[in-house]
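Below you'll find the structures, each written out as structure tokens.
Two complexes follow with subunit A in common, the first pairing it with subunit B and the second with subunit C.
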Partner chain A sequence: MRFSLYEKVLLAVFLGLFGLFALTAPNFLSETNLKSMMVQMPELGLISLGMMVVILTSGIDLSITYISSLSGIAVAWGLVQGWPVPLAIAAGACTALLCGLFNGFFIARIGVSPIVLTLGSMLLFEGLALRVTKGGSISGFPESYYVIGGSSVGPIPLPMLFFIAAAIVTSVLLNRTVWGRSAYMLGSNPTAALYSGIPVRRVLIYVYLFSALMALIAAVIMTSRYNSGKVDYGSSYLLLSVAAVVLGGTSVRGGSGTVKGTVIGVCIFQILSSALNLYGLSPHIVNVMMGGILIVVLVANYLSEHIKHALHDIGRVLTGKASASS
Partner chain B sequence: MKWLNTKEGGIFLILIALSAVLAVRSPVFLTMENMIDMLKTNVVLAMMAIGMTLVIVIGGIDVSVGAMTALVSVLIGKWMVAFGYDLSVVLLMSVAGGAVLGAINGWLISKIRVHAIVVTLGTLSIYSGIAMYVTGGIWINNLPQAFIDFGRQNLFGIPMSGGTLAIPIQVLFLVLVAAATGYMLKHLRIGRMIYAVGGNPLSAERAGIRQDRVQLFVYTYMGFLSGLAAFVHTSIYRQVDPSAFTGFELQVIAAVVLGGANILGGSGSVTGTLLGVALLAVISNGLTLTHVPSFWHKVIIGLFIVTAVSFDIIQRKRRERRLAKIDVLQ
Partner chain C sequence: MTFALFLAACGSNNSAGGGQDNPAETAGSANTSSSGGDSAAGDKLTIAVVPKLVGIPYFNASEAGAVKAGEELGVNVIYTGPTQADAAQQVKVIEDLISKQVDAIAVAPNDAAALTPVLKKAKDAGILVMDWDTHADRSVVELSVNQIDNQMFGEHIIDRLVEHMGDSGEYAIVTGGLSASNLNTWIDFGQSYAKEKYPNLKLVTERIPSDEKQQVAYQKTLEILKAYPDLKGIAAYSTVAPLGAAQAVQEKGLQNTVAVVGTALPTDSGPFLEDGSLDVAVLWDPAKLGYLTVYLAKELLEGRAVTDGMDVPNVGKITVASDGITVVMGPPSDFTKDNYKDFDF
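Moving on, here comes the complex of A and B:
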């Protein structure tokens, strides 16, 4: 696996923080904490993967967390009706894909800007989820459903395996398939993509379907872990997923970003929130720090670019090439 | 009737049609009390939406507005409980506090040149986190009586059949903000610069307009209005709820978009935005009056946004296609 310079820095930040927390945060290396981090991370991770693919095409999906909660509620509803687990999950999948298709249709076919459209569909999905649950939660699932969120293979919890699999699949899809390469191209230059014969609309629709699918897998893990379906499950992941994707080096203007980067971004946010919790900080302060870190990373990125440019200019002056070029 | 062909005219017609339907369905809708009530509950939304209009015109977005308002209300709430109430001090503090928060957004966006949504998502988390931490999520209730009395004032008391026509003092703030912002956009240099930057950043730069300064101004102005909105909101509800504005930014953006502003920048107006706010207000008021269960409100407003923007884009495309045809024929 090759890492870019930025990803190496990010990885170093992750390892540094991990080391710091291992030494200072009480019980950070305990089995319970490591395990609970591995159980929590996949939800944010899966939503971030979905968000990343959308951001690659220079879009954003504000409705992704409500696709997750609506499809989770669909699964929960099916289970409570006494449907077998696979059928209930299929119902959730249909719901999620319909949501994704809704977003994709209006964004790709009609050409509505993603931020406005997903703002509208976010309200729509939230309203529908409220309609089904009446604001409460749906619970009372069969034993066999808890296996998804609660069991583990060896030391690794099952949700983590889902996340690893999803990350690998996303990476392969983005790097090795026509769809994936088209998504990158669409993000960096939509006009060029259109004129090179890329079916722009179809690629975009699949992008939103893909993000809905990631939201569904996160929903299945969440409903199984909490033993219920509720509207606000996962709603806090919206900010965090955008933050993790951006921290992972994906450009908000589209066209560049890697799965590796996003995964490292997610890991950093996960150990941060766990460690700050272990320090006994108020969750509100944790929010402040999460936002602060996002902004510090952006500023640091900007400064490092500037320093690079400055060094480059100095180099040119010293070698006497400054007057010739530019 | 030239104005009917404009975007604002179209929204106005929808608003009239919707109000007519509601007036028939519910006898309460057209009463003075209901109108005043609707006005009072939407003053804050309208003020923030006016600020958001400028942000959207320059092609930006600010999702931290709710958090800024929450943080400023906590600030003035705490101040008044500790040091008492003085109109000029509290008012100055709200707008200055808001402007500082907005300037932080503006500085990050214009200097660091990161997309506005990422920066403001970050500051959203910071501002609301601070507001929640300072209060511990608990409401501030014991505001000074003088401040409460200030918020209860009415502008006129014209006796009418079935009660008196009394306009709450908060409406005055909205009128001032709307008039000042409308004048600025139409007649001042900075207003024209805002449209220039939003319409075509490159041309604006070549015409000698500093994009970063315009951005800094617009986000600071947004913060200024959020601070003022915090003052007005607190004077209406006479208490501070640190989580009252969670998710409010979406309503603000929705109002601006419904008012016909283009999210890609370059177009939008104060009149349009006020109509957008009125549309949102009438929809939610109407749904409440006709006893539609509250979970449908979100569904209907969501559908309304999706339909409105899609319609706008389909219309624009059709117009472009017609232009192309003329070109071919000639």
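Moving on, here comes the complex of A and C:
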């Protein structure tokens, strides 16, 4: 696996923080804590993967956490009707894909700006979810459903395995398929993408379907782990996922970003929140730290690029050549 | 006095704590337990109190009470919770507290069902599990600390509303959130009571959610006032909804035509109580509730029973229901223009 300079820095930040917490945070390396970190991470991780693919195309999906809660409610509803688990999950999948198709259709075919459209669909999905549940939670699942969120394969919790698999699949799709390469191209230059014969609309629709699919997997884990389906599950992940994606080095202008970066971004947020809780610091401080690290890393990245360009320019002026060998 | 309590707490915990630890951890911590002052602090009971969310006046007040109890009773109190009212975040906080190996966790659930698996996990790890402020699943808690009797409280609010708007006319309900189970319980009790006792009251529309935000409650109330010009009263539930509703009434100058009654903290309500835009705030003292929660957790951890009519310092006599786990702190308090200055929360 090859890492860009930024990803190396990010990895170093992660390892540095991990080392620091291992030495100073009480019980950080205990089995309970390592396990609970691995159980907690996949929800944000999956939503971040979905968010990342959308941001690659210079879009944003503000409805992603509500797609998650709405499809989770569909799964919960199915389970409570006594449907077998696969059928209930299929009902959730249909819900999620319809939501994704809705976003994709209006953004790709009608050309509504993603931030406006998904803001609208966020309210729409939330409203639907509230209508169905009347704000309460749907609970009373069969025992077999808890296996998804509550069991482990060896030392690794099952949700973590889902996340690892989803990360690998996302990476392969983005790097090895025509769709993935097209998504990058669409983000870096939509006009060029259109004129080079890329089926822009279809690519975009699949992008929103993909993000809905990630939301669904997160929803299955959440409903299983929280023993119920409810409107606000995971609502706190919305902006956190954007932050994790951006921290992971994905450009908000689209066109560049990697799965590796996003995964490291999510890992950094996870160890920060766990360690700061173990220290017993106020939860507000956790937010301050996350915000602080995000800004510091982004500013450092911005500055380092500018310094690189500036040095490059100075070099060109000094040698008096139009295009120095760089 | 405090010092004596402190010593007593340490003494009793030495044996209890040793029994719970598994061998590996006991060996690991043996290095530190030999030094004097440090070990005393380390051996104190640690009680975690988890609110629905941190950083709102109500839960800040209960934090003050919980911390005060910690100081007076010689126990470590960790008061931590989610920064948004999201059950997912609250589950994480509890998972981290389990990793931290606290002695007791008392939680005010955002969603009872969502917490059941993690609370079971806590119980399996040998942690005393309680709920406070809002009920968790009955099967996982050893004790349930309630501020008031829900039915009495729901009916009390309707009585106060009628006292200020008269027993006939149109009224509306503004609530913190449609999914908050305690708010829904009060509203439901209040509604069935109103139907029976005050048949001439007319609820104009379904309960209106305000996202636990004053600003939202304010905007929604402006809309209601516009849509229902004959409105005579508003019952607002959650600690910020009454403030938003009163703000709207104040801005429209309707203090004398629209009565507002709600569940708000006295200090926040002050400016609105002064000019009558809020007629009465009904609540309990959240600081006492925080204190009581920590006090009872310590009693249980030290092997003492919690009994009906027990006199708790700083709180008063409490009632314990026949199931042995439901504790009620006492009757609700009314905060009005005349008495709100006597409270500091």
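Following the convention adopted for this analysis, the second predicted complex is superposed on the first by the 308 of 326 C-alpha atoms of A that agree within 3 Å, B and C clash if a C-alpha of one lies under 4 Å from a C-alpha of the other, contacts with A are read in each partner's own complex, and residues count from 1 in each chain.
Simple rule for what comes next: contacts are C-beta pairs under 8 Å (C-beta built on N, C-alpha and C of every residue); 3 or more make two chains touch, one makes a residue touch a chain.
Quantities reported herein were computed from a predicted structural model and do not represent experimental measurements.
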**Prompt:** Given the superposition on subunit A, are subunit B and subunit C in a clash or a fit?
**Reply:** clash
**Request:** Applying the touch criterion given at the start, work out whether A:232 contacts subunit B, subunit C, both or neither, answering first, second, both or neither.
**Result:** second
**Request:** Considering only the touch criterion stated at the top, classify A:191 as touching first (subunit B), second (subunit C), both, or neither.
**Result:** neither
**Message:** Contact-wise, after the overlay, does A:110 reach subunit B, subunit C, both or neither (first, second, both, neither)?
**Reply:** first
**Request:** Scan A:135 for contacts with subunit B and subunit C and give back first, second, both or neither.
**Result:** both
**Prompt:** If you stack the two complexes on chain A, which partner ends up touching A:319: first (subunit B), second (subunit C), both, or neither?
**Reply:** neither
**Request:** Using the superposition on chain A described above, determine whether A:290 touches subunit B (first), subunit C (second), both, or neither.
**Result:** first
**Prompt:** Regarding the shared-chain residue A:120, is it in contact with subunit B (first), subunit C (second), both, or neither?
**Reply:** first
**Asked** Is A:299 touching the first partner subunit B, the second partner subunit C, both, or neither of them?
**Response** first
**Prompt:** Thinking of the overlay built on chain A, is A:282 touched by subunit B (first), by subunit C (second), by both, or by neither?
**Reply:** both
**Against subunit C, colliding segment of subunit B, chosen among 78-86, 132-140 or 204-212** = 132-140
**Request:** Jot down the residues of subunit A that show up as touching in both complexes, subunit B in one and subunit C in the other.
**Result:** 130, 134-135, 282, 284, 286-287
**Request:** Provide the residue numbers of subunit A that touch subunit C in the complex, in ascending order.
**Result:** 26-27, 30, 32-33, 36, 39-40, 43, 130, 133-137, 139, 146, 149-150, 222, 225-228, 230-237, 273-274, 277-278, 280, 282-284, 286-287
**Complete:** Touching subunit B in the complex, subunit A uses residues 60, 106, 110-113, 115-117, 119-128, 130-131, 134-135, 239, 242-243, 246, 252-253, 282, 284-292, 294-295, 298-299, 302
**Message:** Residue numbers of subunit C touching subunit A in their complex, please.
**Reply:** 54-55, 78, 80-89, 91-93, 95-101, 110-117, 125, 177-181, 184, 209
**Asked** Where on subunit B is subunit A touching in the complex?
**Response** 61, 108, 111-115, 117-119, 121-126, 128-130, 132-133, 137, 250, 253-254, 257, 263-264, 293-306, 309-310, 313-314, 317
